[in-house]
């Protein structure tokens, strides 16, 4: 072990200027901070989202269920196999602690590195003795249209599940309701089912975000004519970015779950494959919906460009109609404004009336011509 | 079993504001309502399309055929293997009932969940003892151009087929005509052939919808010059959406039928593979047609944008011709409208006539120039 | 057998309004007419292209060659294996006859259905005892640029080939010339070689159509500047459609021939695989050419749009030059057309000349400015 | 054999109007001339590029090297295995001769057909006893930017290589320099190495053409602002076509060399696979470069369209500025050009000066407004 | 061996005009210089980046660590297997020296050719006795936005690693810090781990470049409204090129590392596969980010084009408003500037005032109309 690999960074929660939807968010924010370090160097990449890393331990089996909050990691013993155990690690920035967990549970440093790097793409790793999955939760904070993401990592071992999360999100609350029901599959089926149940919970959550995107696309399409141009093209780009962001979080999951299904890992009861197949199914569906939304969004851009072009046409038509009618008339009246001494028409009794007749005739002809061209 | 998993929702048929072709329709409407629930939670997702769930039972073999409408599910016995049985479940919103069926026939909750979720993508599931297929019917209600879709699910078991449908659509009527013919393959070949016949019926129905889309594209192309711009770009986007919707309903079927052909499931007579191969063939053909239509639709958009640009050109040309001719003339007549005391031309006998000659010469030269540039 | 499956339709040759290149042509015209019918229902889909179905029988071997036109199908006997036999069925609309052939030769109804459905995509079916291939001929009638297509189906059995064609096209004529040569491979190699020779003939014919498309694209590109905008965008879309149509007819053939090569069917002499490999090669080449043409066509569209934009620029420049020069001058002469009692300039001896000098100076400056901006 | 299959065409060198870069060049020029002929019909497709077909024979081994030009094919004997032999056939249009070669060396007519058809796509054919490769040389004649291509075919047999080329290109000259060196691998390694060396020579030549294309793209991008619009869009399309042409010539080679590597053909020493792997590598690299260039070319098109749009903007701005300033002023001076008897302003002492002040004020305000909008 | 294959070129460091981001840079600069040479000809392709080729030798094991700079290659002995050896070759242009290394270590000339050709795409070659990897470092010189790339090649042999680099880049410095730590994995794990550590270092470096690209895209998007059009479209093309360049350097690495993982090469300890898997992971992530950036860049182009179009609209609107208001008014005042003798209105007491009332009414109506159309 290389002690000097431990870089304790980002320990204090800082006021981070919330990055807006941007290329750097879509890239891997902060990953470059690692370059030059040895592989498996533990460094927390991402924002520090909470004050202090917390450990919660849930012990359960068919007969009993107990949740202990804020346990002291040093005192934990995992030898007792009479209960299933779920250790929740909430907060990722205390690297020394994370490293202790790794040592105690026999996790490789490269794996801890993946847990700490919140820019990690969803991936599954199976090795003898454990299954590792890292994935993203997607959520929108109250009233905000901005899609946030937290990284959840899980290590499944024999009768033990350790979950790592960046912050104290409430998304696991529905699980606890089910835990309280002694007949619930959660209580009966062991940690591999819990592993699945968490994955399922997170994936189902994606539907909310995707639905909001769908509504935002619908809203944009419905209100296209009334919105200012600038806003429309910004919203189109925003939708495009959000769809890219969601796709990036969901797409690799398909492959990850597939490889779990194919791995026949001894820690996963083959009877539960059906459940993971269901997750697979949902992910596939979401991927299709996202692709569909991307096409719709492009379609809206087309409509928008065509509408811009149309309005331009309208503006030009008005100018052309006015110009075409009045420019020649102005010429005519200009003619009789000339001061030549010999201009016979000026002396005619009906000269003035005649000019008016000529001019009205011209206007009528032009209006007819415009109507024929469907400009009016 | 978790009884509290049963969420009885949407029990009363409600006046649903018909959603128009929209992103949310193309997504999975209402799927997010499930998030946070345990897997296999039975909840009906979709509109309630009829009053009461109904059961129809068809019993048939080479000798006899009987259809019993509105049977009482509780009294049904499936032990008698002397006839083939087709149980039609019409209406999906009575979750308690659906769950009873599941228990009686040994269907897993996740499978029932797929049956109830009308946003499910077409999929095939083979397990020892049954084959499960869920797919979409596509239809257009009288005179409407809106494409509606109902979800049909089928469970094939030994000498038994259970079909689930959202509403009492008439699409199965042709089957009954054939059932009445004792020499019909339907009567002779058992439930796997019935399973196929229903699939074939539904797939053949797609051709109608696709043909209507083809006609709508043709109509759009033929009438492009006479339609208002706004309508054209809306129709193009509409076609795009409809094609996406149809593609989404049909595309996954290819894979589903393929996996049935490869599964060598004991419930499907290998001699009938030829029939499923035929369905596969039709689906492939439709997928190709849809891709072709999508290209045509893009082509129309190109024509349309070019036509917009062309019209703009025309408008500008008119303004330019008028402006180019009359603006210089107006200047000339302006010159002789000046009130300088010493302006010799004003006193010339042929001054006025001379100005006219100059102006007519200018007009002629300009017209010639325009003709040379092919503007006239 | 279900006798009522036989739907005798389209028996009378009707004056069909020739459909123009359209989405419905690119789709599967009339396929929806079948929906609701049992699988394997024999119904002719397509135009009736000739009066009466005709049977021609060619019997040949190394020693002899005989062609009998208009044979009576009922009297045909296929037992004699001393000669190779080629039965040509010309015309598809007499369903009862087609069904009789099917019965006599042991062809499945689904296969007959494919023969009758002229919207069928090219496909190969190998079963013990026969090889079935359906494909399209493409041709352009004299002087017409419209690409027509006829469907040819072939069933290869032991020493027997049956071909089905919609109309009495002359494309097989070159074969007869070769048949007359006793040293020709056609005479020596049996029906699998004939099967190949027909396929080769049809595929070689595609090159003509593709070359015409190439010339049409070249012609369009060369004459782009002189054509009216409307025509150009229509030709581009036309080319696009024709390329789609040709691609649709040719593309699936690649897979079909490939699967023949892989099937090692006992009816095909392995020494003849080389010939089918050659067909495969040609199909690949055509597919590449078509893709290339599609790109060229898009390139022409780009040039065209840019030319439109360029012309617009030119039009606007003319207006701007004229406007920029004369609008200020008109203002100046307007100033001295005012009737104020006190306007000292009007009384100056060189006032009028001065105004002219000012105006000429302005014009010169503007012309220089335009030249600098490269507008002139 | 079918003697009548021999079609002696194109025997006289004709003045061919050099086809310019065109769809027909990108297609398979003249291929349709063959349709209706039996397979394996020998017909020369392409331009006749030289007067008379010539045979050169190179005999070499570690000890000796001899080149005989203009040998008489009839007298050639290939039995002596003490030397390696390279027979160069220069010129393809003497079909009778080519056929004789085929007979003497046991080559199938379909293979000769591929040699004669200069529109053949690159392909490799391995059969017991020989390896056949046909590919394209690409070159640009002095000072010309037009990319020409010649077809080179090679048949590798035991200790014998026959190469077929359309014209007497100098591209093989570097080989002869190496042949003169007795320590050269060419002399030591046999005909499979020669086979490789020719392929390598041809492939390395591609880099020149690709580099010229790269320079042409760079040149276009650098000079974009100074070129006339018409020329730019033509150059973009030209680059697109050239890239398509080069891609079409190179791309299939990847597959061809791959299949040679996989074939383990006894005529190719496994120790030389490394060399073919190197060719494979180069082809891959070129394919990547071509794809990159295609993207760059599209990027230039975008810049160009945006520049067009920008210039349009500029033109319109000038007109708008001039119009906006002078049209209102012209109106004002028009007002005081009216001849009403009662117009009090006309009599005011400072009327004229006042009008000027009003007008100058308007001009100043407008200029400020334009500056605010960043139009000036 | 062919001595004359050695072409000593580029020996003197020359002042190379730094090529800007260009097609030739994205292609394979200078590769054509080789055409016509025999395969395996050693010629240095690329810029000469340093004065003299230098050799550094690092010898290390768990107990000791020694770095010798500027060793004399001739005196090197690799027989002693008690230490791991890392030979760094810094500078590539001394071909004779490179050839000597090749001979001493038994490397094939084709492999040396790849080392010398700095346009080589990343590739891995495994052969009995060694593993060869060539890849690119990407870096941006201080303050420059231009992405430079150097080629690093490595040959892994038993207890020996030879690295080849174009110039004396500092990127390996972090390794030396780790070497100084006797507990470092670098010291304990042998040359295959060093091989990995170098690869990892280089790949991690990519993140910096990618992040800078992300920032450049963000910066462009944020400042879009304030930048001149020309600059925007140039920046978009620049980003496109940079992304292409980076992609080209990174993409093939995925395949290379994959094939290393699959090769089970005896020189790579299977326990270290986990590390290469980690590199694979990072490469995958970068490829995804690059694709995302490419999409964002296209999105910015769309916004930009739409903004151009919008500004055009604005310009035209101003002209149209001014024109539409004043052109008719100018006509009216023109009417009363006519000099007809009989024009009754001129004599009316309230004629002048009346004209003003009419004109103001027209202006008001027009303004209302504009407001209704949302032009104001």
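Which chain is which? They are A, B, C, D and E, in the order written, and residues in each are numbered from 1.
Everything below uses one rule, namely that contacts are C-beta pairs under 8 Å (C-beta built on N, C-alpha and C of every residue); 3 or more make two chains touch, one makes a residue touch a chain.
Treat the numbers as computed from the prediction; the structure is a model and nothing was measured.
With rounding to the nearest 5, the Cα superposition of subunit A on subunit E corresponds to a rotation angle of 70 degrees. For the pair subunit B and subunit C, the distance between mean C-alpha positions equals 27 Å. The distance from the centre of subunit B to the centre of subunit E, with each centre set as the mean of the Cα atoms, comes to 43 Å. Across the assembly, subunit A contributes residues 305, 309, 312, 316, 319, 323, 327, 330, 334, 337-339, 343 that each touch 2 or more other chains.
Chains in contact form a single ring whose order, set by starting at subunit A and proceeding to subunit E, is A, E, D, C, B.
Those residues of subunit C lying in contact with subunit D across their complex are 173-174, 178, 181, 183-186, 196-197, 200-201, 204-205, 207-208, 210-211, 213-215, 217-218, 221, 274-275, 278, 281, 284-285, 288-289, 292-293, 295-296, 299-300, 302-303, 305-307, 309-310, 312-313, 316-317, 319-320, 323-324, 327-328, 330-331, 334-335, 337-343, 373, 375. Those residues of subunit D lying in contact with subunit C across their complex are 1-4, 22-24, 26-28, 31-32, 34-39, 108, 110, 113, 119-121, 123, 229-230, 233-234, 236-237, 240-241, 244, 248, 301, 304-305, 308-309, 311-312, 314-316, 318-319, 322-323, 326-327, 329-330, 333-334, 336-339, 343, 345-347, 349, 351-352, 355.
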